[in-house]
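Right after this note come the structures.
Paired with chain B in one complex and with chain C in the other, chain A is shared by the two complexes that follow.
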Partner chain A sequence: MDYSQFLAMKQEIALLVVFLLVFLYDTFMPKKAQNATAAFTTVVFAIFTVLSIADMFCPCSTADATAFAGMYVTGPVIMAIKNILNIGVLIVLIQSIKWANGEFMIVRRGEFYELLLVTLFGMYLMISARHFLLFLIGLESASLPLAAMVAFDKKRYESHEAAVKYLLTAVFSSAVFMMGLSFVYGLAGSLYFSDINLMIFGENSALAVVALAFVIAGVGFKLSLVPFHLWTADVYQGAPTSATSYLSVISKGATAFAFLVVMVQAFGMFYEEVWQWMLYALIILTITVGNLFAIRQKNLKRFLAFSSISQAGYIMLGVIAFNATGVASLMYYVLVYIFSNLAAFGVIGAIENATGKVDMDDYNGLSTTNPRLSFCMMLAMFSLAGIPPFAGFFSKFFIFAGALQQGTIAIYILVLIALINTIVSLYYYLLVVKAMYIKTEEPCQIPTFRSACTERLGLWISVAGILVLGVGAVFYNYLLEMTTSLGLFGSIM
Partner chain B sequence: MFDNILIYFVLIPLIMLAGVALSQNIKQIRAVAVTGSLALTALSVYLLVDYLALRAAGETAPMLYTGSWQWFAPLNINLAVGVDGISIAMLILSSIILLTGSFASWTIAQPKAFFLWLILLSTGVFGFFITIDLFAMFMFYEVALIPMYLLIGVWGSGKKNYSAMKLTLMLMGGSAFLMLSLIGIYYNSGLFSWNIVEIAQDGNISHSWQMFLFPMAFVGFGVLGAMFPFHTWSPDGHASAPTAVSMLHAGVLMKLGGYGCFRVAIYLMPQAANELAWIFLILTGISVVYGAFSACVQTDLKYINAYSSVSHCGLVLFAILMLNTTAMTGAIMQMLSHGLMTALFFALIGMIYGRTHTRDVREMGGLMKIMPYLAVCYVIAGMASLGLPGLSGFVAEMTIFIGSFEQGMIDFLHGHGSLRLVFTIIACCSIVITAVYILRVVGKLLLGPVQDDHHRQLTDATWWERTATATLIICVAAIGCFPNFFESLIKFTFSPDIFKVLGMIQ
Partner chain C sequence: MDATIQILILAIPLFMFLLLGLLGKYLSPKIAGILGTTAMGVVTALAYYTAFNYFFSGDPNFQREIIGEHGETVVEHLQYIVFNPVWLEFYGNLHINIGFMLDSISAMMLVVITTISFMVNLYSNAYMRDHDGVYEKGFQRYYAFLALFSFSMLGLVVATNIFQMYIFWELVGASSYLLIGFYYTSPAAVSASKKAFIVTRFADLGFLIGILVLSYYTGVFSFMDFTSAPVEGLADTYHISLDTASTVLATKFAGSAAPMFMGCSVLTWALVLIFMGGMGKSAMLPLHIWLPDAMEGPTPVSALIHAATMVVAGVYLVARLFPLYLQETTALEIVTVVGAITAFYAAMVACAQVDIKRVLAFSTISQIAFMMVSLGVCRPEYHHGVGYMASMFHLFTHAMFKALLFLGAGALIHAVHSNNYTAMHGLRKYMPVTHWTFLIGCLAIAGIIPFSGFFSKDEILTACGEYSIFVYIWMSAVAALTAFYMFRLYFLIFWWKEHKVHDPHHAPHDQPWPMTVPLIFLALVSCVAGFINFGDFVTYNGEQHTFDLDWTVAGISLTVAVVSIAVAAKMYMKENPLPDKMAAALPRLWDWCYHRFYWDELYMFITHRIIFGLICKPIAWFDRHIIDGTMDAFATVTNKASWSIKGLQSGNVQTYVWIYLIGALLLGTITYICLI
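Moving on, here comes the complex of A and B:
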């Protein structure tokens, strides 16, 4: 066996090293030093992220590589999406330090970070897998530890309820997914993506369509596409805010890209006739239902849950685009979404840690007591709603432009529906702005407080991202040039 | 990049933003706002003079001062700038209204936040008028829209929450259609370019795509131009907004609609414009007459003026749809004239409201005796609005109606139906209705007995209010007395190789 192919997995191996360091630190350091586990994890992960990004630009790094007889691949675009996720995870880690140093976390704070790193490892595998077996391992290890993270608020009933809901849905959906896989195997006789794509072509049987539907349903659960979204709101509300933010941006972003890979590489031949229309319906449902349900939410975490459902619908436009622009736009959308959503969760987390309040009514008049936090929140809302000059506008525009490159009337109608939905989403995002800035008649429920410096650091990074990522065009240009030069199939290998 | 004069129309507002953000007290904020907007006014006047000189020297390019900087290079998105006479007219209008708006909000509460949002809004406006890149144009367009929500929501009056939300959502709804249309133009012009001039010259959008994209673009901008039935945000929004915001919104933002309808919808898709004009002629014709009638029955001063704006802005779109030079000249004049006049109106209403604390016509009377300066200004504004010769309204409406009648006759004689003719006649009626509501208000509000004895103690205009109103009145009169130079302003926009519509129709 040629052991050098392990080198292709350098990102995964580095992540494992981070995991081991955190694990050893948490297990063997004296009690006093364990107070710094959160900070230690963040610092080590930051070093890993910097190295990983530096590696991406280093001319010495090998561009494309496959390992294990093609089960695992990596390339510039795949490295880029992993680095995008790394940046997001880093912000989540920074934001979680204050919470992790809390009173009742003393004995368990190491576990949280270990579980988090394991799920990230699973997501890496999902992105790089070109064989369904490896994909499944990634999917499982990205899902199941998350249930433990959701249950981390041991003393809160909602946290347990959320964990159980998440676990049961996760298990059920992976059962469905595996059912689909068995059909696929029956049809194609192989679980390699490339083999499936070749064998299934022309096999226009009902079984192939059912298999495809099962696979979409299995992954759709993790993306919380409607109608597989029912767990989302309760889990987001019940989980500790750090877990929620991780779940809503990193898990979603990774799965979106993995979904793109599966649909293009394994079922690309079915695009025209079958899954384009399945996804078409799913996108319309997801965006519309997510938006309409978000309007009535009073709890901000539930609110962001529904908002993230509709955002997932927009992300899927990058998949239905089925071209290189779509790939770049999807990655860029995930990047911008990470910054915008984490800014929102940063504010919510800071206020929750200081006062325990998460209802929108509590935010009435927040601009009078905490002007900086409300400013961050407003920027996050504007960016999520797609208002220029903030990054969200650019990511929305480009994902629509990517989809419209298909040029069929059906896609134009789809984008029009999505665009009309942005108006609905603007309405509820503005409700938050309205609560903070306009409803100032009564004194605010949240007193003036100074948030922890780590929370402020997290918010600074997120806000900087919101302001810079869009107007500074280099980020999108870099991604788009990379994907167009490699082509749709080449960029995701 | 910085050797292009146009870029300063965006840079100066950005510097103003920084200046206001760093200001310590209200005096500094006022100083920044007034200095900045004076600089913008000076710059735009200089641009006008220079532009006319260049044209006189024989420049025939459709856009002057062009410049282009790469932005999203793989998608061919550039930050391209360039102006023609129409854009320059709009730039002058915007800077004057920003200047007078700053004076009109001299004593606003929470000045720092207010001016920040106001200047952000004007950044969007200026950016919109200088760019010739569809993407950048759309971005600036949305930048100009969103500050309205907070400006109305926080500093507004009456049912401000409702109005602010309604206005924002309706305008953003329009921009949703617009976005689809712009991306459609990009993919279907055959050039993969966002540059308006390039698409107009060399682009070839097929007929069926034009028929699909044109209505979206026109409706998208038409919402902002208060086209029936998408005008309903306008009365509520204007009535609830604080003075300076009403001025900027009615004076400038609604012009974005008209300008965009011309610059994007008609300029790039002339065939569809020609074929589908009848739908929008009917709609804008309705806005013109319906707006005027609605204004007759309102009792709130701001509502009267807001409906009057619907009527006048409807006339702008109506004239643009005539697709001929005369009406188009009139449309540009009307944009300027209405912008200045309605800003004057809203400034005066704000000043009167600040004193009497009511905008209900029935509760006021005899203001001529109490505050003669403001009252005289109000009469002048009213006269401009109903089209008294010597003021701007007359030349604008006259040119529009001559142009549209001309086109109507051409249509009629060539057997293309009499729709344009009929709607020209219907739209002409609006002049009479305008006279009804203007004279009713003037009679009731300014003349007649004093309704409320408390009003007798009220004072007349302060110096900053006088500055604001006097500036606007001078501009209104100037346009009314010297309308000649407009012709040279828009002459080259209509050179046949660019504006295919004219070549096609006439």
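Moving on, here comes the complex of A and C:
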């Protein structure tokens, strides 16, 4: 066996090294030094991120590479999406330092980071997998440790409840997913994506359709597509904010890309006849139902849960586009979504850490007491709602443009529905802004406070992302060039 | 080729705008003024260097030698794309670039813009403070806006594609708006700035539609795709080619046998609509109404924006797309007619104004119309396209002497604190520098040899004569009026009667050096600029050509100008009742001229009575009842739906799983049923 192909997995290996460093530090360092675990993890991860991004521009990284007899592949686009996730994880880590250094976390803060890194490793595998076995390993290792992360607030009852709910639904959806896989295996006789794609759609069509539906349901659980989304709100609300932001941004972004890969590589043949329509229905349901629920939420974490459900619907437009522009716009959307949502979670986390308040009514008149945090939150809301010139506008614009290139009337109608839904979403995003900025009679519940410097750093990065990505289209052009030069199949191999 | 200098030309003013705009309040006004002026001085030096290099270095990217039609060797100026990165990419051909094109007219404009802008920056240091040396409120803001304007205008002239031009076109409009409304506490300034913005925006709507029509049918934005062909063997270098324009039209437009709309080809519509944008910016009839009011802004601003640079953007636009216009002579004829009528109208009105800045404003309108006419009558077969060269030549000389006149007017206003000549009379002994430089400006605009205006106007009249004798006579009449109203102004300001000095300690006097130096410099330029052989630099196809002065035309126009000046001298040099008698003899004409032929009143009538009353009110009703009603219905339905599905989110994990399973099964089943 040629061991050099292991080197193709350099990002995974490097991540593993980060994990081991954190693990060793946490286990063997003296008690005092353990206080710095969070900072240590962040710094090491930051170095890893920088190296990993720098690696993209190294001429040695332009070629595609495979390992394990084609079960694992990597290439420029895949490296780019992993780096996008890295940036997001880095922001999450920075934002979580204050929380992780809290008193009740003393013995366990290492575990949180170890679990987090393991799930990230699972996501890497999901993205790179071209065989369902590896994909399943990735999916599971990206799901199960998350349940532990959700349950991290030991003293809060909601945290346990959320973890149990998450675990039960995750297990159930895994079962459905594997059921679908077994059908697929029965039909194709192989679990390689490329073999499955050769499967002929004909006599066993009923089985194929059900198999496809189960696979979509299994992945749709992680993406929280309606109707597989019901766990989302309870879990987001119950989990500690750091876990919620990780769950809503990184986990969702990684799964969206993995989903794209699966649908194109394994089931690309069925796009036209079958899954285009399944996804079509799911997108409409997801965006609409997510919006309808978001309107009435009073708890901000729950509110962002529903907002992220409807955002997932928009992300899926990049999959249904089924072309290279769709790939680029999906990646760009995920990146922008990372910055916008993390800015929102950063503010919520900072306020929760300082005062413990997460209800929208508490935010009334926030601009008078904490003008900077309010401003960050406003930018995040504007970007999520897609108001120009913030990044969210362009990501929505590009993802619509990608879908419209499909050119069928059905897609036009889909984009129209999505557009109408943005108006609804505008309403509830502005509710938050209104609460913060419209003067009220009563003084604000949240006193003026100074947030920790790490929290501010996280917010600065997110806000810079919202503004810079909005003005400079360079980054999108870079992604688009990369994907269009390789084509739809080439870009994700 | 290294693009650092060109990047700096755009980047320095932008940086100054950001610096003075954001941090201005922390700087003292003096520092802000010095910073702004120095930065503009640097940009001017860089622009001169660029233009000098372009015209004289002989670099193969900038010029080449070709064989002319008579077998002689001719030097041809080329178009060189210094940089042109994609700014916004949609797909395929549809992308917008922001670039820097160096060719003969953009190099010339670089010189004009930076020179005037630098002079104005310098001048404003003294102008924007009172006699005790106290700076005006918002002095830093003023310099920030000047920098923004310079950046926008430079970006406009070096645009590589029509969309970039449009972007910067709007930016100059915005900075003009900001500067006209600089004294935002004065209601007149506020309404003038609004008026300028709205009128030009309205015209730009036509421009935008024209761009969209043109690019919809041709699929490209870039000027090079419309008007030029690449030079073989050199990257990024193009030469102006009339063939490209006709090929573009033949391949792109004629696919469907030249689509027609309301009796004209779509191309004609596109070009006329684009010209409409130019009409707005260059204040052509009937979109001229904003320019006289724009004089509410500080006078140096009027010199920079509303005399020398921004208002000629319309002329520049037509010149830039000239090969395209040549394909569609209907559009050029419209340009000619609009220009000719405007020139005459504005000259008439200028004869009856009291406010000296208004006189200069109408004179600007009239002179820009000269340039428009000159482009409109230009055909390659008429004397090597003399009209195009003449138009650009006049643009150049006019920028210099009109800026001179405006800055002179600024000095006068600063001295007597009034815009009206009634407060000035007989100032020649008190302000000798201003007097002499103003006189040179007047001689230049009147077209007296050897001042610059004589040469450029003479070429324009030659071009008109080649085109049609009627246009020639018409424009000569306008030239006569020009000489008359300018010298009326001159005599009323500096002669007429002795100046009444109210307070001997505060007698009007020449201004400090930052204000007199620009006057002297521009006066010198106006004395010598006419001797430039402009055909060596700018022609319609880039090939150098020596245009000889047509002494018949020159003789006639010189005679006409001298006679007009003599008439003006007779009427206005000494206080006498003749002007009043003239006005009384033709009361109707005088009234109409004085009231600018009631254009403003006409607009008021149309907007208030017709548009507001007959269109806006019904639309408002529709908006309030139908559209708002629909929106309310949407909101109600959404809200109801939101309430009705809340049972789904029960919090019960068993239910969640049931819904999950049912969803997955339904997804498969329904899809399957639909498939068979």
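Simple rule for what comes next: the second predicted complex is superposed on the first by the 486 of 493 C-alpha atoms of A that agree within 3 Å, B and C clash if a C-alpha of one lies under 4 Å from a C-alpha of the other, contacts with A are read in each partner's own complex, and residues count from 1 in each chain.
In this section, a contact is a pair of C-beta atoms (placed from the backbone, for glycine too) under 8 Å apart; a residue touches a chain by one contact, two chains touch by 3 or more.
Because the structure is a prediction, the values reported are computed rather than measured.
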When chain B and chain C are modelled together on chain A, clash or fit
clash
First, second, both or neither for A:Ala401, with chain B first and chain C second:
both
A:Leu168 in the overlay: touching chain B, chain C, both, or neither? Say first, second, both or neither.
second
Tell me which partner A:Asn477 touches in the superposition: chain B (first), chain C (second), both or neither.
both
After superposition on the shared chain, which partner residues are touched by A:Ile47: those of chain B (first), chain C (second), both, or neither?
neither
Counting only touches as set out at the top, which of chain B and chain C does A:Ile387 meet: first, second, both, neither?
first
Pick one for A:Leu24: touches chain B only (first), chain C only (second), both, or neither.
neither
Counting touched residues of chain A, say whether chain B or chain C comes out ahead.
C
Mind working out whether A:Ala410 is in touch with chain B, chain C, both or neither, as first, second, both or neither?
neither
Just one of 343-351, 577-585 or 595-603 in chain C hits chain B in the overlay; which is it?
595-603
Can you pull the chain A residues that chain B and chain C both touch?
325, 401, 405, 423, 427, 473, 476-477, 480
Name, in rising order, each residue of chain C that touches chain A in their complex.
86-91, 634-635, 638-639, 641-643, 645-646, 648-649, 651, 653, 655-657, 659-665, 667-672, 674-676
Seen from chain A, its contact residues with chain B in the complex are 325, 382, 387-389, 393, 397-398, 400-401, 404-405, 407, 412, 415-416, 419-420, 422-423, 426-427, 430, 433-434, 437-438, 473, 476-477, 480-481, 484
Residues of chain B touching chain A in the complex:
71-75, 77, 135, 139-140, 142-143, 146, 149-150, 153-154, 160-161, 164-165, 168-169, 172-173, 176-177, 179-180, 183-184, 186-188, 212
Show me the residue ranges of chain A that touch chain C in the complex, using the header's touch definition.
164-165, 168-169, 172-173, 176, 205-206, 209-210, 212-214, 216-217, 221, 226-228, 230-231, 233-234, 273-274, 277-278, 281-282, 289, 291-293, 295-296, 325, 401, 405, 423-424, 427, 473, 476-477, 480
